[in-house]
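Going by the order they are written in, the chains are A, B and C; count residues from 1 in each one.
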Amino acid sequence: MTSNRLALAAFLVALAAVPAFVHSGYLLHVMILIFLNVMLATSMWLLGITQLISFGQAGFVFIGAMTSAMLTKDLGISFWVALPVAGVMSALIAAPVGRLSLRVRGVYFFLVTLAFGEVVRGIFAYFQVPFGGWYGVRDIPPPSPHWLFTPLDKVPFYYLGLVLVVLTCWVIWRISRSWFGEVLWGIRESELLASSVGIDVTGYKLVAFIISAFVAGLAGSFYANYVGYISPLIFDFTYSVNILIFVVVGGFGSLAGPISGAVVLTIIPEVFRATGKYQMLIFGLILVFSMLAMPDGITGALHRFQLRRARRAT
Amino acid sequence: MSLLRIAGLTCRFGGLLAVNDVTLTVEPRAIHGLIGPNGAGKTTTFNLISGVLKPTAGRVVFDGADITGVPMHRLVKRGLVRTFQHSQLFPAFTVFRNVLLALHSHTGFSTLGGFFGSIAERRKRAELAHEAQRILEFVGLADRADHLAGDLPHGFQRLLQVAVGLAPKPRLLLLDEPVAGLNHGDVDRMMELVRSLRDKQGVTVVLVEHNMKAVMGVCDRVSVLQFGKLIAEGSAQEVTQNPTVIEAYLGVYDDAS
Amino acid sequence: MTTTFVLQIIVTGLVTGSIYMLIALGVTLLFGIMRVVNFVHGEMCMLSAFTVYYVSVSWGMPFLVGVLAAIVFSSVVAVLCQKLLFKPLNYDILTCFILGIGASFAIRSATWAIVGPEPVAIPATFPGVFVWHGVFVAKQRVFAAALCGSLAVALTAFLHYTKPGRAMRAVEQDREAALLMGINPESVYVTVFVISAILAAIGGAMLGTLFGADPEMGADPLLKSFIIVQIGGMGSVLGTIIAGLAIGLSDSITGTVFGGELAFIFDFAILMIFLIVRPRGLFGYDV
């Protein structure tokens, strides 16, 4: 256990030291994208423990982004206030949406959340005032203090992203190991049995849904004030599916799954930056082959590989 | 006052009357059997009582309170727990962890404490672990506590079902075919366990069963269902000598005797 | 707000609604009988529209041949999905859903790569307009509605009066009992996939003649189908028919009053209301 902790600490120190050695704005940007995607993937993973996938996460990210954009740009409120408010806003909307979505059987949950994502897009796109319509919102101010966060220097954003992602991962990890998480794992194993011992399955699923929406809201807020521009074209169904792919390809077994999935699958499209639409083709194929060949994801396959090696050694 | 009373319980699926106007009463600390040939509606009745299904008509009264249609997870807090015909387990969890999670409903855990590992939470966890150990010992699974539930042989899986059912400290336990698929030795062990559930833990038990020998050996009263209707009720002796019951069971009765 | 105006909205709504209804029927069949959602359904509509375009417009074959080609193509795609994607994963709901999404992305992307992003128009087989009580209806639309309507009726008849149809309903109600009665599930499954493909194909072809074909056109009917099926009740043919027409009407009304984009939001709002008041839909079984 201690060796794991040392490794983790070393890894975090390494991450913190990156900007000292890497000066390319582009590479730092990719790292920041990775941080964002890891946040989204881990929160999707928590919900996914209960075998639920929300196909409308893009909607919650967008809500968080829009909240933050409007608060910081139109109302001049500090980003540091807007950030938690964005999370709360997404969570507040997630409550009724989740409640309704959970009234229907598994597949229909997916579909309702999918539709929700589209509706968020639709609403923000339709009302140009105050949401900017299809043109979106530009010139979203970076966080204060303004001498630190300028659009030109990625480094402060890097550290902000690093703090956010480490916090998110830590909290989600603690949750998954807590009593609440234990119940989630039990629900995964057998909802019927869980119900029969007094667990309000729907209630727990709802809480997990709200938590994942909250994190999505936070991520959205960070995105808005980092990139400075948001629009309905960004947060579409493909965006939600991207998040899903991180988790599916990474594996469900542990937190390492979504993290590795997000890292790998943020880097790959940057490598193949050729065209946007081919990206969809590749993603589609990755999804298909992942599901067929590696239903447990990368971490699952690695785990099985390790088991096989251990067995051969004995 | 009776612990469980169902009156006129009816369940209709489209054109099919799975349970037809069933009435029955269970006294506290009794062991009550619910028998009948396949398809008689026994499990459906359990589903109706335990909130898995909503009845088309009729009422279920538990300890004086009307619980008709109350969902299963809320009944647990009131003291009503059921087990399932096809073993429901948390297969990837160990036996110990299965029971531990089942103790959930009595934890009063603050989830916040759970998130951040407060001292109070750690103490509670220790208490629960202790309780889980006690239950496993009572049921006879203590030496398999760290086996994976999914890997257990069938007989022990059904014991685990009972252990899990005991965890929330029920006053009434509905056991759905507890000895299904068990060999003779296991059947006896299970019946012994059922008896001690009542004797040592004060739990009232209602069993659905096919195995006549098991039923006879352990039940105080027996209700017989056929095609969803109650056709006989009485002591085990009375019921097995009832000609209507024998006729309903023709063939099955012979196998079990 | 003249009667003509209102009638115009209603007629347009019913016509588009009947097409969506047909496509949704494919979804409801597949879900009702096999408990599986095939995300590729939307792409089958899209591929059919393009097939009709290439066969009938580019190669100049008769429209009917184009539609038949579309039907064949869709059926092939559907059977491929069933054999290569769904069956190996045992029709597990979640994995099949994800697989379907992946496949649909890939197909959409590949189509875009081949035909380009610009929509193409398919000229009407029945050009011209009917005028009825001052209401203008394109003859093509009437044809589309008539075709979809009669297919819906044919489907209902098929399910209730033919042997394979009844076999399908048997499997829907109780898979094990159907097996015991000697019904071969595999052939039923393939039939269901093919039928839903045919419905998607014809629906897609009709959409193509009315609105043109473009690689992204499959998403909208698919989403609408899900809403329709949920409102009508999963696995209920009658429910899908009614809900399909209702959604068509709703779209027409909101589209005229508020503008196109809000239409989907209204559909979603209706869905939400149903979820609150009657989660099983109009005619669905108890959830």
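We adopt the following convention: contacts are C-beta pairs under 8 Å (C-beta built on N, C-alpha and C of every residue); 3 or more make two chains touch, one makes a residue touch a chain.
Worth saying up front: this structure is predicted, and the values here are computed from it rather than measured.
Participant: Would you identify the chain whose Cα-based centre sits farthest away from the centre of chain A?
Facilitator: B
Participant: Sort the chain pairs by how many C-beta pairs are in contact and tell me the top one.
Facilitator: A-C
Participant: Can you work out the whole-Å distance between the CA centroids of chain B and chain C?
Facilitator: Their C-alpha centroids are separated by 46 Å.
Participant: In whole angstrom, what separates the CA-based centres of chain A and chain B?
Facilitator: 42
Participant: Need the CA-centroid distance for the pair chain A / chain C, whole Å please.
Facilitator: 33
Participant: Which residues belonging to chain B are in contact with no fewer than two other chains?
Facilitator: Answer for chain B, listing residues that touch two or more other chains: there are none.
Participant: Quick check: what residues of chain A touch more than one other chain, meaning two or more?
Facilitator: Not one residue of chain A touches more than one other chain, so the list is empty.
Participant: State the interface residues of chain A toward chain C in the complex, per the touch definition above.
Facilitator: Its residues touching chain C are 51, 53, 100-101, 103-108, 110-112, 114-116, 118-119, 122-123, 125-126, 237-238, 241, 244, 248, 277-278, 280-281, 283-288, 290-292, 295.
Participant: Could you pull out which chain C residues touch chain A in their complex?
Facilitator: Residues 31, 35, 37, 85, 88-89, 93-95, 97-99, 101-110, 112-113, 117, 219, 223, 226-227, 230, 234, 259, 261-262, 264-265, 268, 271-272, 275-276, 279, 287 of chain C touch chain A in their complex.
Participant: Considering only the defined contacts, which chain B positions touch chain A in the complex?
Facilitator: Going by the criterion above, the answer is residues 50, 71-74, 76-77, 81-84, 88-93, 101-102, 104-105, 107, 109, 111, 114-117, 121, 164-165, 167-168.
Participant: Under the definition above, what is the set of chain A residues touching chain B in their complex?
Facilitator: My answer: residues 171, 174-175, 178-180, 182-183, 185-186, 189-190, 192-201.
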